[in-house]
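Please go over the structures that come below.
Both complexes shown next keep chain A, but they swap its partner, so chain B is in the first and chain C is in the second.
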Partner chain A sequence: MSNVERNRLAGADSTVGDLVSTGILGVAVLTFLASWVLLLQWADETATVAGLSVLKLLGVGLVVVGGGLAGLGVGSRLDYVDTAPSSTAGVTVGVVFGLLWAIVGGLAATLVLGNDAALWLPVAALVGIGGFLVSVVPREDVGSTLPVAGILLLLGGFVAVGGINAGWTWSPAWSSAEFPGSELVPILVVFGTLLGAWSAGKAKAGFGAEGRQTGAYYLVGSVVFGMLGVLALLLAFIVTNGLETMLTGASLTGGRLAVPFVGVQLPWIEFPFLLNQTGGLYVEVPGVLPAVVGTLWLVFGAITFAVPLGIGAAVFLTEYAERGRFTQVVEIATNGLWSTPSIVFGLFGLAFLVPRISGGNSIVVGQLVLGFMLLPLVLITSREAILAVPDAHRDASAALGVTKWQTIRSVVLPAAMPGTITGVILGVGRIAGETAPLLLVFGGAPYPSNFPNVLGSFQLSAQPPFVTNEALLSPASALPYQLYSTITAGVFPKEIFSNTEFGWGTALVLLLVVVGLYAVGVGSRLYFRRKLHE
Partner chain B sequence: MTQRVPPAREVPTRLRTAVTRRVDRTKQRAHDYRSRTEDGAIAMHGIVIVSVLLTFLLFLAGSRWTVLPVLSFLGTMGVGWTRYQAEAAKALTFLTTVATVSILTLIVAFLLLESIPAVRAMGVGLFTRVRNPAMETPTLGQGLWGRGGVWSLTPMMLGTAITTLIATLIAAPVGVAGAVFVSEIAPGRVREVVKPGIELMAGIPSITYGFIGLTIVNQYFYAEFGTPTIGTYFAAGLMIGIMALPTVVTVAEDALNAVPEEIKSGALAMGSTRWQTTKSVTIPAGLSGVSAGVLLGVGRAMGETMAATVMLTHTKGFPSPVFDVFSRYGETLTTVIAFEGGNARDIHMSALFAAGVVLFVMVMLLSVTSQYVEWRMHQKLGGER
Partner chain C sequence: MSKTDTRDGTEQELTTTGETSEEVREAWTEYEFAGDAKLAAEALDVYYGGEQALQSVSLEIPDESVTALIGPSGCGKSTFLRCLNRMNDRINSARVEGSVTLDGEEIYSDGVNLVELRKRVGMVFQEPNPFPKSIADNISYGPRKHGDLDTGLLARLLGRDDTEAERELVERALRRAALWEEVNDRLDDNALGLSGGQQQRLCIARCLAVDPDVILMDEPASALDPIATAKIEDLIEELAEEYAVVVVTHNMQQAARISDQTAVFLTGGQLVEYGETDQIFEHPQSQRVEDYITGKFG
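Presenting the complex of A and B:
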């Protein structure tokens, strides 16, 4: 209990430090976000806010963070702010700060003394060692704030007084690109604010073990926040760019549905982008119907090939085979198949299947190759699902006097079904978006004017192989392949869309299909897992 | 490896006993099988195995008579299923297992087989040559692909190395941070949103990443950083790094979750903070699993095709200096296959297959290493999950 009281008292005393560090964090977050806004080109670098250019404002933000940190560190050392620092900031922190200072020293030396390794290298090393010592030797409150504050003040000050402005460029000899101040400053500021947030987080919790935890959480949290931000941005880009194309001419009641036998036409959904051909003379709004149908056939074929194989192998491995050399070989082979790059599957299909089946790109080879890719995932997930069926179920069934196969069929497989289905859905999500092997064994014309009529092309003959299907043996299009050919083919044949617009529309449809499958897969897994734990 | 080497005279006797033991065991098995299985079922097994073998051989030969053994297989299975369902099921599951293994074997065999002409023409130079002697002034990294009968994979190998390195530098630290966040820091609610979100990110097709990279990232670097071409190793590596992120996060997070709760509680009971526990107990205990995740991510980045194919310039050569990631060159092992595979002939095609072999071997090494590392971790943690 005494411990709790002391903590609360300490917390009550350190309101000044708490306030200052919260303020610093706030400024850091704002500066961080502002630099991203600049990096993503949402605002012009030369814009001015309150008479200061945006870049200078970023510099001022860094200076505020740095100054605040220095104040906190010194204040804590002189006991104006109540904290509980450790005796040293630790070697890890020291190494990080030392490296940063070495970079600062090296840059400064190249600017002043010229680009000669014999000159700038020792300066960088000396400054780096200095930074390391300043971080490690004094008490933690000074060691973990002052080196950061120094860097931020230097960088921020340099930017704020206009040392680097939007027009300034750095073109190093080793790089073909040049780095303009308008981009370099936001990038540096992003890293600077991350550093600042780390130190401010430490200070907020009064240094020591608690402080390190808070600092680390702020750092990791902002990195993850950035990662999710990237994900959201990617999705937003596709949706905003593709929505207009996808909805061209679409309406809820514009279409006509003819009711058979009665002769009445009812208002129906009209969706030309999904339901029209891509090429063809009389198509007003080109659509992705051939690609959608092609993708459906590919997925259907891959599932019919891979699911029985995968489940069969999983049953054999878990129920029949004794653990030994053979099962190990199968495991290695499965994991090998799982990590084989998709383009290698394409090469294999090109060398093995194409000359023996169709002599050129064809749907059926595409189905088989995607089936090969789906197989390991089905095997792994259904094997896990079968292993998760409790042995008690098997014993109970065996005690009824039925054979092993009857147990497998009526007890094990039904219990393992949910896990297997989830695995298949996730796997289908993966192969539905797969493009690389399709380039080698599947793809046909870039803008097809009809979709593959697989069902109507079966033909019987007296010659072996007795059943033929011309449609299955000819190339087609699929959503990811359509996107690729839209990118690589030159000008779009119709005026209504540009190539890029049609590409965004296709990307959105593809994304909806794949993400929809993933959402169903992930959702069903959560559902079954919850049901299992109830 | 301090095993005593048996004296030479003992070897034949030992070998003989081992062989006889093996033969005896097989005989015993055959006898068991014979006595436990009905005659009809044995006949069914025999016909099924023969028809599958025939199917495979005829298919390999490209014969149109392949359909006959397929029909015989289906017929036998149909009859067998009604009369000896248990035996038929066992045979069927066994065959599916064999098929899975043979697919990988076939992939390896055909890759090697098809790359033989290129290896025969170029020798080791296929993987090591950096100058083309057929040119008047052989310059470093120029004319290595098809000029004067010289085919060398070195520019593409360097390209793959550069993009993979950039991708790893992005995916490894951010991915591990993400795993730590999801597994150790995030409160339950946040975790329930973030984790499926990251898995969803893994589902976005690579061609979509490539399209965004082409229309947005490439243009950005071209406009703002004045890169000599639209499309650079750096932009492609950046995009591949983002694509490899989810793999790293998911596998590393699984590894951190697999660290037994008792170990963590023990550390917490000693009075350490949660971060101290994470840093000094959980991460070291799960380190092998985390590195397995990173290795898998590296494998993904190396095998990634579409984003790189769409974004890179397909100019082959060595950037100078090597770490100039903004140069006009841009070709990796995967992109050269995807870009030229459609209309390559003869030795050109064979060289592409050789590129596939290099890729396959590298990715397989990474995969096996990561499996080994993970296996080690489960050994260390006593197999608890």
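Presenting the complex of A and C:
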């Protein structure tokens, strides 16, 4: 056992190291957040704080983090700070730092020696190997702090002395894009602070296994925040662009609600963008009502078609069919169907359904095509949900002398309902925003002057099928289709909006409709789950 | 296989096939009791795929008493129990040969209605398995599905509402299973909120609600704590006043406490000895059974 190194269970005096690393983490987090503020343009990049421009301040933040890390690493190596490091930081860390240092070395060489591959390539390779060796050869406390500290000090120092400033732009040869310093610096600083936080997290827990776990915690946690940031950015972008269009002419009391039979008019909500037709002579504020109604009919029809079929097939596959080659083939087929591109579904609808059902674009063909797309997901998820119902329930029911079908209806399906609804929610999210097949089988006039009146169009007829519905057999508009045709149409027919403005408003309404459908789905899932557990 | 008397305490010899040299004797499994047998198995063989799980088991089970089936793991006692209400039909690879009669009627003939059979031969499982429904719905589930209770909208419109009958049935079953006092104020709560012991008594009540003749129990207390086990045991003894109760258990003390007669299954799916419980535990006829009961084997 002589080669096993043992460390004390509790560090005797780790307060200094703990304080310093907590301080570094704090600075790193603040710098990280500040970079996002700049990236999202909530603050102006030319602003100054205490006489320093914010960009330089970010550089200073990096320098502080880097200096602190270097101090921590060296202090730990010289036993000023009580830690329990492993003998090496590991090859993975070494490779990552080697690559980072190679990039740094290459950039520095091109700045000093010019853009000649024969010159900067060897420099980059040498610096990279140096970074690798510095990370791998010394003890873990030095190997996982000094390379980071070096990068941060170089980068931060370069920014802090004004090497990159707000007016500076980088236009790489391989891209026509230009990266202004006001964006480049915050992006670099974001990555730099992530590195610093990882290293400081390791140091805070005293390196070793504990340190790796803490470092990973900070890294993974910040990735989550990064993802949320991207989502928030997307939503904020759509809302800021579309809100003004959506609220054009809207007010809480400007409208009039006629009370039937009494003849009184009450003040009512006015919301022209949501409640007006898109085209037509007397429409002042063109709205998206036809598209909203069209989307709702599409989703309703697709669900009505796909959910009973999907659940029925899932019940047959799980409860009746013996597991074997047949169920495997069905499984592969459904997975394949789910990953089939939507335009292929659209083409199928155009070539097969349209001539047989309506002879032209129509709501009902759109509903069927979207239903085909929804079907595999409903089948897959309800199959999973049914398989997850414990066999004990089926045994108990059978032992009471209850038949298989009754058991499925009263025990298995209710227990599988929440899982099935989850699948339907996911699928509805996909089909509500689907555009490609609608272009082929569904869409009609780009600026419809009335919404599809499906309910009012049912008529009895003397011949089979005895009920006809002209509206279902006619083309209509849906939100994604409306968005596409508005953006590609060139000129918007009304002067009040440009077609981009109208497009943003449509996008926001589409987002709200999808969120609303989600809410309905989540609500019904909660309802069924509560029935199972309360 | 040579026949040796092992009752004088000599070591049992293992033949090359791994079987003990002792034979299963008719005399050890012939148990006489007054009245007709409620359930009778005759030369019952069960195979799972190619593997034989029961070897020619013949056993008569009297009414209004507790019959315990004991034996080591894998000896076929649960398999035998599941033959009595044809639950083995639900396992694809299982094949049953031989005969089982309920009140003299063959249950393995072609025309047997499984719904009727399982209504008369109820079953309680090892793990409590209430449905994720309310306590009252768990009890009334069986009768409703059998059409004995109808509380649907149509029935109410036609004036044949069984709501009152259902309430009475729920109360009767829960009282019978000694659970009424504990749950009568929360019949509409979900059954999954009950403790393990309460859930198991609920499962017994659910079985009683169908009004069976025979109750099969597959290690009904093995997943429960000692106090809940004691309650279940008391309940089993009470139920034996009205029903034929067949209990599989691997707990020999439990078998000794609650049963009137005991059948000992040993490895290979053989019924080795069947007789009055006192006699089995105090003077077993077979050496292998004595070894098993005294803990030398199994």
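The rule is short, and it goes like this: the second predicted complex is superposed on the first by the 392 of 534 C-alpha atoms of A that agree within 3 Å, B and C clash if a C-alpha of one lies under 4 Å from a C-alpha of the other, contacts with A are read in each partner's own complex, and residues count from 1 in each chain.
Here is the rule we use: contacts are C-beta pairs under 8 Å (C-beta built on N, C-alpha and C of every residue); 3 or more make two chains touch, one makes a residue touch a chain.
In this text the structure is predicted, and so the values were computed from the model without any measurement.
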item: Chain A residues touched - chain C or chain B, whichever exceeds; value: B
item: Chain B versus chain C as contact partner of A:Phe466, first or second or both or neither; value: first
item: Chain B versus chain C as contact partner of A:Glu322, first or second or both or neither; value: second
item: Touched partner set for A:Pro480, first chain B, second chain C, both or neither; value: first
item: First, second, both or neither for A:Thr500, with chain B first and chain C second; value: first
item: Partner chain in contact with A:Thr403 - chain B first, chain C second, else both or neither; value: both
item: Partner chain in contact with A:Gly433 - chain B first, chain C second, else both or neither; value: first
item: Which superposed partner A:Ala415 touches (first chain B, second chain C, both, neither); value: second
item: Overlapping contact positions on chain A, where the chain C interface meets the chain B interface; value: 403, 406
item: Parts of chain B lying in touch with chain A, wherever the complex brings them together; value: 59-60, 62, 64-68, 85-86, 89-90, 92-97, 99-101, 103-107, 110-111, 113-114, 174, 177-178, 180-182, 185, 194, 196-201, 203-212, 214-216, 220-221, 224-228, 232, 234, 242, 245, 272-276, 279, 296, 299, 302-306, 309-310, 319, 321, 323-328, 334, 337-338, 341-342, 352-353, 356, 359-360, 363-364, 366-368, 371
item: In the complex, chain A residues that touch chain B; value: 41, 174-180, 182-183, 209-210, 212-213, 216-217, 219-221, 223-224, 226-228, 230-231, 234, 237-238, 308-313, 315-317, 319-321, 329-330, 332-348, 350-352, 355-356, 372, 375-376, 379, 403-406, 408-409, 426, 429-430, 432-436, 439-440, 463-466, 480, 483-484, 487-488, 500, 503-504, 507, 510-511, 514-515, 517-519, 522, 526
item: Touch list for chain C against partner chain A, complex; value: 85, 87, 90, 92, 114-119, 122-123, 125, 127, 129-132, 141-142, 145-146, 189-190, 192, 203, 206-207, 210
item: Sites on chain A touched by chain C in the complex; value: 322, 390, 392-393, 395-403, 406, 410-411, 414-415, 532-534
